[in-house]
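Going in written order, the chains are labelled A, B, C and D, and every chain counts its residues from 1.
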Amino acid sequence: MKRHLPVILLCAVLTAGLFTPLVTGASSPGFWVEVLLGGLMAGVLYSLVALGLVLIFKASGVFNFAQGAMVLFAALAVARLSEKMPMWAAVLIAIGIMVLFAVVVERLVLRPLVNQEPIALLMATLGVSYFLDGFGQTLWGGDIYKIEFGISKDPVMILESLFQGGILVNKDDMAAALVAIALVALLALFFQKTATGRALRAVADDHQAAQSIGIPLNRIWVIVWSVAGIVALVAGMVWGGKLGVQFSLAEVALKALPVVILGGFESVPGAIIGGLIIGVGEKMAEVFFGPVLVKTFDLAGGGIENWFAYVLALAFLLVRPEGLFGERRIDRV
Amino acid sequence: MFYRENGQFKATYRADEQMLPILQDRVFMFAVVAFAFLAMPFLATDYLFLSILIPFLILTLAAIGLNLLVGYCGQISIGHAAFMGVGAYAAYNLVLRLPQLNFLVVLVLAGLIAAAVGMLFGIPSLRIKGLYLAVATLAAQFFIDWMFARVKWFTNYASSGSVSTVPIELFGWKVQSPSDKYLFLLAVLVVFTLVAKNLVRGHLGRAWMATRDMDVAAEVIGIRPVYAKLTAFGVSSFYCGMAGALYGFVYLGSWEPAAFNLTLSLKLLFMIIIGGMGSILGAYFGAAFITVLPILLNQIPLWLGLSLSTATASHLESMIFGALIVAFLILEPHGLAKLWSIGKEKLRLWPFPH
Amino acid sequence: MEMRLKAKLMGVALAAGAALSMLASGPATAQAKGKEQAKEQFFPLLVYRTGPYGPNGTPWANAKQDYIKMLNARDGGINGVKITFEECETGYATDRGVECYERLKGKGPTGATLIDPQSTGITFALTEKAPIDKIPLITLGYGRSESQDGLVFKWNFPLMGSYWTAADIIIQHLGKKEGSLDNLKGKKIALIYHDSPYGKEPIPLLEERSKMHKFEFIKIPVTAPGVEQKSAWLQVRQLRPDYVLLWGWGVMNSAALKEAQATGYPRDKMFGVWWAGAEPDVKDVGEGAKGYNALNLQHSIGMSKVHQDIVKHVHDKGQGTGPKDEVGTVLYNRGLIIQMLAVESVRRAQERYGKKPLTGEQVRWGIENLALDQKKIDGLGFGGLMRPISTSCADHMGSMMARVETWDGSKWVFTSEAYTADEQILKPMVKAASAKYAEEKKIVPRTPADCQL
Amino acid sequence: MSGPGTPGDVLLEVEGVSLSFGGVTAINDISFDVREHEVRAIIGPNGAGKSSMLNVINGVYHPQQGRIRFAGETFTDMDPHRAAKMGISRTFQNIALFKGMSVLDNMMAGRNLRMTSGIFAQALRLGGAEREEIRHREAVERIIDFLEIQAHRKTPVGRLPYGLQKRVDLGRALAMEPRLLLLDEPMAGMNLEEKQDMCRFILDVNDEFGTTIVLIEHDMGVVMDISDRVVVLDYGRKIGDGVPDQVRSSQAVIDAYLGVTH
């Protein structure tokens, strides 16, 4: 258990950091909870993107840099289509598009590059993401578009009895969280109960073995990329519904990388928990730790959330390279 | 017919260890360099200098640096623009605070500072590989970006956060006209190309490649991974640091932290993929390709008389970019450099194949 | 295999060929200089129609083109000198901007007339190059605030206003709301700014003002492109500032308004710079942005004569650059004004150098001696769109007025009279800053004698 | 039995080494010794822990228990670099050559430990660095001649046929001029002539350079011919140790191993 010590220490430090604002009275309990909620919301979005990454990595060993672009693409599709048709139709068509995309990627990218070293595949997905950015905007346009769910954007005060000033929450945030949870539940069912799901799990565990018992890898890839596409779609709608859909979404989605590092490339729960940790961590750091930093070093503004996630991930890598939930492997000679 | 190596026997190992063992290659290279130094300054227009040749030369230097790390030592980095940034800001502050320093000294110091930072962020590579390392380097990218945007000292308390430079002067030579800039950069690049070539054919280079190809075996024959990886990070950051300083002083003249952001890092990565991993020549090809491609894509419609909206053009650009990356990875993982050598092989047999 | 190899080599050959023709196009631009003078005045247009700032960059760029097309159609150019132009996409990125500048500066019989970089970051970079190439930069309502001082910044023209004037005017307005500037004492004013040279420009002035009136000045940077602002608004929620100044651009503005709505910060306590006060910033927030205020660079909204001419001579002929209904929107109007001032500068310069294509250097004189009174403006069809402006060697701004407009949920309406930025405060700051720059760059400020040239 | 260079005093001593991966025991309390100049064979069925044993000896794996004594120094766990420095080199069961490099470079890499010129000397290719390169090139060329692979000097190893790759692998190990050479199934997957060549090389190395050799081999015939003493492993335990004839006649060994195969 010696090798767990640093992890435990790191977690201890994080938890301590989480509660200091309360202890030192740097924040009222109510506001602290608000920041927590804000962090969790951001976390949910990160988790959704990370989820797509993990699915693809498990099944095809590809680290999909394009996940962010997929989110943008799907969101744009829904936003633009829903201008001309009811939302449900738009979503259905968008799903169709994402499946089509999965097929194309499998044919043109994965199959030719099969059993290349992971870095090559990473770069390939980089290419894919560039392509999607351009293609998405040519197809759907580069403006800011909105996805309307008809949920009021105005805040609501709750628990005013508990905290003075109450806690400010948003209906659409809540809705988003529920959607995310529902999605995760669905995925869980899909993996546990359906034959395809089991096949996917088999592939994830051991490609050769899976192939040898007659599971067609190519089909699995198409399926898993489609699923990832749908996850991206949900992420995109949640996100776009909040901020409006625009080119720059893809850049925010990059945050999913440290998330999967934290959670481990192969662990779905890891992706979710990792996302929440990062979300809460960076918001807390920005709101409470940032100003302190600015004062002490006379910085030109805070903005530490730009790197917090990555540096945290780095710290974790150094103490536990396999991530929170990943299992470590010994390479044989 | 003319490109033959038969009849050129190597009597000594020294002769065999030359950089370009084949006579024709030597002649060709010499001709190219001579042309670049003597003819180009008179042929090229200002536009060619300022928007193509100068960025091309600088980015080549950076690409060589990144290639030493990724192509030769097998350590991925998605954060090398940050090390260019370190070089640029280091140079800016050196010039600002020690104006008497000769710019060549500044350049080398900037490189060394970048090297130090690079090695620092290279330490994780001792424990983690591949994708994990990629994210570690992303951390470097974002943290360094942030640092230069926030710590006022680096930008000499400029309220806008953007810094501007004075023209370079070397021993009384004001490097200001486009052709002067070009010649200066060319000289620097040629020198450091030779250096890189020497490094990769020396035992350090072999240590890098061994670590890249089979790290366990490398360790077993006594190559210390710590040494191989950190030197690779150091040297490559040194190159990028110098490139950054030149990018700031010679090309941009004035820049804000965003000038060295993730996009540039990815660009560098694309250069070595397209140009050819583990090939110095590849860095040249890659840099040329990436510099010229977007401009071409903007120009071609004009020549064809098509009126393509600037928006469509730039969307097309990123599409073609992405497609090309994938295409290269599939068709020719070793990039343009490999095609070049294949071409030479063919030429060697020509006109009597087989 | 053999086939594939051939294909590959072919591909490379192709690429090489293309590259070569590229190199060829270099000299082509050079010849343009040499060839006998076509009666054309060339305007390079640096634009960004893509990326996070595209939505705002587009109407601006369209207006410039429309105005040029209109002039060519209506009056056959400037005193018979046809106007030509070429666009170049910068994507709001400095390095691309520099490349565009280098590509276009030599085009046309007399080279680039002047450059409107459409980005403060690019302006900073070009400020270093313009004096060498002798091409003036006009940065209407943006760019380097200290470049108002024409004695040091011979080639920069921040016409009609800078970020310092903008910030100053907002503070004046707040003072008015509070009854007097002294009542700002003890108030909290937060600046939420785009983390780039653009967003950082107003800070020095606001710091100056906060010293004067003893209000607490809070800086909250938002990383470009500014989609992710959660924590910025959490800070707002925590510190509860009395006013929030919004220095955003592109997608950042609408995102800010959405977050403000989500955190329940009253929109009517928010004041945006004139780059945060256009339709794209509020339209997809709609009702949520109701009450939000922003500066407006002097011009009113709605149609005036120039718009009618553009519709008549351009859009009705189906040559409109953008959609017809964007004519008359805020950023579109700004584009018109910029292009009009550019053209009038040429006209002014023609009075001195003759009615022929002019070089950037000659046009610079035109910009520096611009004098548009109300009569002229009405004549140009800009009546009501803008107020008189007159530049001089020492003052490259020409006028520093702005009004406050408010979004009523569907359109912008004016809610204040025109303010003029306070000379007393600005002058010394401009002098100090430009002096620092001159000293850094070893520039000798121009003498009145030099101004006569 | 052919008698190579007469065995001297003990060079390597393995004492009570145990190694396990997450509960799975690969090696269980094994002890044996290797004398100077001898050819020592380790045999045993698949999964007997032979390769693991070699990996322990040159520090790739770290045993949970036991000590290793090499050239008078004692280690509880070795690290590869140290092992290499002390003159232990090895070849790999499934060849671990540097695919991207030429035959020459692969073998030159074997000289790395002995090349001392600093980074600047190399960068500028100063006389010292140049001379050093050439000196070591000469050494490597001798080995190239010895292994009769002159023709393939500049070929990327990836392109060579299996048999030759095995040879280069050996060559790289020899380039280190080791005191102790660990050979992990040097003849696996070779045809008869190739095997004979390889045997010859091994014996010559042992004679000419007096290198001590520990080899893992499946081919009984080969093992019995060329080795002086044999250790027999089975399921990570040692079940036999001695000169080939003893081992041949040992009942335990016959049951566990020979019995099965013959």
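As a working rule, contacts are C-beta pairs under 8 Å (C-beta built on N, C-alpha and C of every residue); 3 or more make two chains touch, one makes a residue touch a chain.
Predicted, not measured: the structure shown is a model, and the values here were computed from it.
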Practice item. Give me the fewest steps it takes to get from subunit A to subunit C if each step has to go to a chain it touches. Key: 1
Study note, to complete from the structure: Contact tally winner between B-C and B-D is B-C
Practice item. Could you say which chain's mean Cα position falls nearest to the mean Cα position of the entire protein shown? Key: B
Practice item. With chain centres taken as the means of their Cα atoms, state the distance from subunit B to subunit C in Å. Key: 35
Exercise for review: Would you kindly tell me how far, in whole Å, the mean C-alpha position of subunit D lies from that of subunit C?
Suggested key: 73
Revision key, fill the gap. Note: subunit D sits from subunit B at a C-alpha centroid distance in Å of 41
Check your understanding: Between subunit A and subunit B, what is the gap in Å from one C-alpha centre to the other?
Key -> 33
Review point. When you check subunit C against every other chain, which residues touch at least two of them?
Key: 49-50, 54, 195, 200
Review point. What residues in subunit D touch two or more of the other chains?
Key: 60, 92, 96
Review point. Among the residues of subunit A, which are close enough to touch at least two other chains?
Key: 137, 142, 300-301, 303, 306, 333
Exercise for review: Flag every residue of subunit C that touches subunit B in the complex, lowest number first.
Suggested key: 4-5, 8-9, 12, 15, 18-19, 21-23, 25-27, 29-30, 47, 49-50, 54, 58, 87-89, 91, 93-95, 98-99, 102-103, 106, 120-121, 124-125, 127-129, 132, 144, 195-197, 200-201, 203-204, 224, 440-442
Check your understanding: Contact residues on subunit B for subunit D in the complex?
Key -> 13-14, 17, 195, 198-199, 202-204, 206-207, 209-210, 212-214, 216-224, 231, 235, 278
Study note, to complete from the structure: Per the touch rule, the subunit B residues reaching subunit C in their complex are 44-48, 50-52, 55, 149, 159-162, 164-166, 176, 251-256, 258-259, 263, 288-289, 292, 295-296, 298-300, 303, 309-311, 313-315, 331-332, 336, 339, 342-343, 346
Review point. In the complex of these two chains, what residues of subunit A are touching subunit B?
Key: 63, 108-109, 112-113, 116-120, 122-124, 126-135, 137-138, 142, 254, 257-258, 261, 265, 297-301, 303-304, 306-307, 310-311, 313-314, 317-318, 321, 331, 333
Revision key, fill the gap. Given the complex, residues on subunit D that touch subunit B span 58, 60, 80-81, 83-85, 89-90, 92, 96-101, 105, 108-113, 115, 117, 119, 122-125, 129-130, 133-134, 137-138, 141, 172-173, 176
